[in-house]
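For reference, chains read A, B, C and D in written order, and residue numbers begin at 1 within each chain.
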Amino acid sequence: MTTVAATALSGVIPPVCTPLTSDFEVDVPSLERLVDFLIDSGVSGLFALGSTSEVAFLPDAQRRTVLETIVRHAAGRVPVIAGIIDMTTLRVIEHAKVAAEAGVDALVATAPFYTRTHPVEIEDHFRRVAAATSLPLYAYDVPVSVHSRLDAAMLLRLGAEGVLAGLKDSTGDDNGLRCLLVARDDAGLAQFRVFTGSELTVDSAYRMGVDGVVPGLGNVDPAGYVRIAQLCTDGKWDEARLEQERLLRLFDLVNAAPADRMGRGSSALGAFKTGLHLRGVIASPLAAPPQIPLNEAETAHVRTRLEAAGLL
Amino acid sequence: MTTVAATALSGVIPPVCTPLTSDFEVDVPSLERLVDFLIDSGVSGLFALGSTSEVAFLPDAQRRTVLETIVRHAAGRVPVIAGIIDMTTLRVIEHAKVAAEAGVDALVATAPFYTRTHPVEIEDHFRRVAAATSLPLYAYDVPVSVHSRLDAAMLLRLGAEGVLAGLKDSTGDDNGLRCLLVARDDAGLAQFRVFTGSELTVDSAYRMGVDGVVPGLGNVDPAGYVRIAQLCTDGKWDEARLEQERLLRLFDLVNAAPADRMGRGSSALGAFKTGLHLRGVIASPLAAPPQIPLNEAETAHVRTRLEAAGLL
Amino acid sequence: MTTVAATALSGVIPPVCTPLTSDFEVDVPSLERLVDFLIDSGVSGLFALGSTSEVAFLPDAQRRTVLETIVRHAAGRVPVIAGIIDMTTLRVIEHAKVAAEAGVDALVATAPFYTRTHPVEIEDHFRRVAAATSLPLYAYDVPVSVHSRLDAAMLLRLGAEGVLAGLKDSTGDDNGLRCLLVARDDAGLAQFRVFTGSELTVDSAYRMGVDGVVPGLGNVDPAGYVRIAQLCTDGKWDEARLEQERLLRLFDLVNAAPADRMGRGSSALGAFKTGLHLRGVIASPLAAPPQIPLNEAETAHVRTRLEAAGLL
Amino acid sequence: MTTVAATALSGVIPPVCTPLTSDFEVDVPSLERLVDFLIDSGVSGLFALGSTSEVAFLPDAQRRTVLETIVRHAAGRVPVIAGIIDMTTLRVIEHAKVAAEAGVDALVATAPFYTRTHPVEIEDHFRRVAAATSLPLYAYDVPVSVHSRLDAAMLLRLGAEGVLAGLKDSTGDDNGLRCLLVARDDAGLAQFRVFTGSELTVDSAYRMGVDGVVPGLGNVDPAGYVRIAQLCTDGKWDEARLEQERLLRLFDLVNAAPADRMGRGSSALGAFKTGLHLRGVIASPLAAPPQIPLNEAETAHVRTRLEAAGLL
């Protein structure tokens, strides 16, 4: 639980799934097993309450339980970063306080959403959130959820001023990511840490200069992501590519359910949790409502992908 | 506080602005004055914690204060409807419980947001929220905020089953609104109440068959909206048009600030609150962060529009 | 073929469908019958080569044949307005020249598309197109096709300068339409003619001050649209509403095909042409590729709607 | 001009800019110089009438002149691929015929645009276009222009059937690109050639398995793109990264003009043509209307970037 570690994060930091009981409470024993599973696989940190953690689905009490469980059970083995995802500044600051009380090492916030926002307001938002906490603050660029983009110049300005410690990039826009990375390096801002949220371009992202990866699929195969990150760090690019392509084929488990049965979010998250369930890590694949549970055929699709990836 | 009234709502139900103090607490005396101002102007109900109420900006404690203040101060003179706006089902249900405890008469919920959702999930969402409360539940179709649309057939199906009491339509799509209204009438579902959220087409919407209007601008000129609703009810369409056009010219106050200074949400909400401040109803025009306050020139723009509309 | 008429257009101006032969040539006899059918029903003008005319699907030779056929066969009975729809300025100007040679009375152009455009460029585009022709030029605001909106202030500026003769509004945004109409009237620009492209809110649009309507469904039931326009002009609003609701129910024919079978454009256009075929006006319902033809069940859906509307 | 070459394309195939005279005719001598400049720099082919060629801005006569000039002047030194960009099938087929007459080696077509389209229609579109020509046909996935995406399974199905020879991917979505490439290789479809349209991730794309790159910036610095493609082919990844980062910094010339002066398309294309003008290749940087010309300060911005990249 060192702030030093949290301000120099790198490597694989999976967004930790939130196992649930049948009445949608946090399944604490399963979450503890998941924390061990991830740390034992060699991850560098744990991102609690990210999108893949169903942060948007969890009431505040469950959010608090998640943070307290992960911090307590990680017990300083790796830093814990907490998503403080909410619509606007004052609500985000409330989550920041809860997360700090729970003992996390760093925070992750998005731009405002639901409201129609503006670059000037987004910058002010990050400044206010950072001013309200002593923890390092990471920006989370996730247009599929918040429907706006973070401006690269703004990010680096806030990085240079010490307002932001870094970025989780879930834009899927590797051109933009690379422009940011080159601009960061040209500005001598190596302390501004950049993570890709893409499961499928880890080797590319490392070649561009990212500090690490935050892969949702890293719940199901953390060892794979630890392996590819190490191969990238060691400059073994051909092996990294092969590992990435194995993970890409595994990623197809997110297409378990057809588009007329449920949303892509339900299908992906259901597949991750089903994967964890089939691998014996969590007790139930249940996701929070109104997500649709995978049926038998969809579960079989996940199993097939796990087997092909050598995970069952 | 009669459920009967809340299930047969009609007329003008403004989304009540939330006056704030300089430290972003609810300014209770100002909110009480605003409640009186609106009721004295003849509105049919009060919509607390709507988008114009800055629901997305208020922490839960402030949300609760707003509901308790409005319910207590309205004191049964008109029904109070509460927005229970949050990302997904379980969080929305928590707000529903708080609102019920505060004594509101009906609830308003959107589709899930932040998460990628799906029609099947949206329908399940409304069913679960309705099942968790004994209060009438209205759906709120506001794609500019939630980035999805509500399906008309789904709405009427839930209306027929008693899951939904009605709809607030803030789509700006009068073609879709009319299709819904004709389908509703063809299905004999008059009990499914439909309100337009558009400030600028009240007379058109009434001619199409809506039951009422939820106008953000109705904070600034509630008497104007009560007047136009009455003219529509009385079939005085030419006078209604003139009143609507007066209100449309007043509505230009939302363009107080230029687009490079702030978002359109900040400009509009800042203008509404400035209007209420200039009219002496609330103590301060301050809006919650990260919204940008109107400057002197922008405030003068609002004043000019109020004067032209005969409101100062 | 009087320019005077074309600069003071009003009433019902349907976008004329383009009947095709089995090898996708213009079916001239069918087109002539359609011209007669529309004029005999009392329309005020003919809009050739609009979106409903499949302008995006017709090669230039077929476009020219359409214009020559309609101008020749209309023979001055009503003005003919030609869509000059293409991606950017120089291409649009080429179409303008062909249309002028064909003897049309006015032109209709959209903003640039395919390219990423900008308000400054859109304004320059209209200025250049207008400068290249002596015919009146109407702007066509159709964001579903061109993926940008026309700015109201720009439209009125070009109207005041005589660059634009008016607007066809196919935005579906009746709030924006009303703001434009009030601004137009406040500026004393009655010569700037405004038409709605919406089939479902004709009475509303007339109450807001439009000069007329350009209804795709007006191919199938031109008499209905002529009737509602006359009722609006006569101030018989209750009868207008009933007529509009009848047309709205008829409009459901556009939902003939399910969303997994074809696009909404194919379904709507196929339904219009099937309606014209079933009413005996055109020889074949065929639409240009890659639109999908309606199958037997979908054709039956159209027939049912025609029968319910009293058109078969 | 060998079809064999065109069906096994690889390497750098820049979308050739179209130099214009002051009256917007094709500047043939400048275009010939540009063809020589590109071929002498070592490019593998020439993509005429792509988006960067202003295909959306050129009337058909100019399009034809471009093709005839490039085919004649390339004189078989490298294959020439022609964009046949238009709204829908029949119009695209007309362009295909003109291009075949001009002697090009392959064709490039997008999905339908302007019209609302559908996956079933897009597939039928490519089948019909391919059936109407004996030239190899490449699909062009460019959602920023056509506002729809091409489905990977559809692309590979058409590739396996010989309908499509390959893809130009301008989606900016490297996750999707990689899924396509892995699926292609898993299906043993190496003959389905895949090119990235991104200027900034050439090395990443090569590592993922693309066959080449179609860089707009390749007009200004073709030698740079030839160099990076060779480095990638030779597996010299570290040098490739440095070259890519040099090109990325050069790419900043597209930001010459501020967003309130012109669109991003005008700024980028104006910068490319200004670059070619400053490098002495073409006589004038003029672009077709309604694009806005760069002013003196914006031209200086381009010059600075060229100097920094060692190109002046």
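Throughout what follows, contacts are C-beta pairs under 8 Å (C-beta built on N, C-alpha and C of every residue); 3 or more make two chains touch, one makes a residue touch a chain.
Everything quoted here is computed from the prediction, not taken from an experiment.
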Problem - Computed distance of Cα centres, chain C from chain A, in Å - result: 49
Practice task
For chain C and chain D, let me know how many angstrom lie between their CA-based centres, rounded off.
Solution key: 35
Handout entry: Touching two or more other chains - residues of chain B
Key = none
Exercise for the section: Using the contact definition from the top, classify how the chains connect: line, ring, star, complete or other. Expected result: ring
Exercise for the section: Kindly provide every pair of chains that touch. Expected result: A-B, A-D, B-C, C-D
Problem - In the complex with chain A, residue positions of chain D that touch it - result: 172-175, 178-179, 182, 186, 198-201, 203-204, 207-208, 237, 241, 245, 248-249
Problem - Footprint of chain B on chain A - complex, ascending - result: 24, 51, 56-60, 62, 85, 87-91, 94, 112-118, 120-122, 124-125, 128, 144-147, 261-266, 288-292
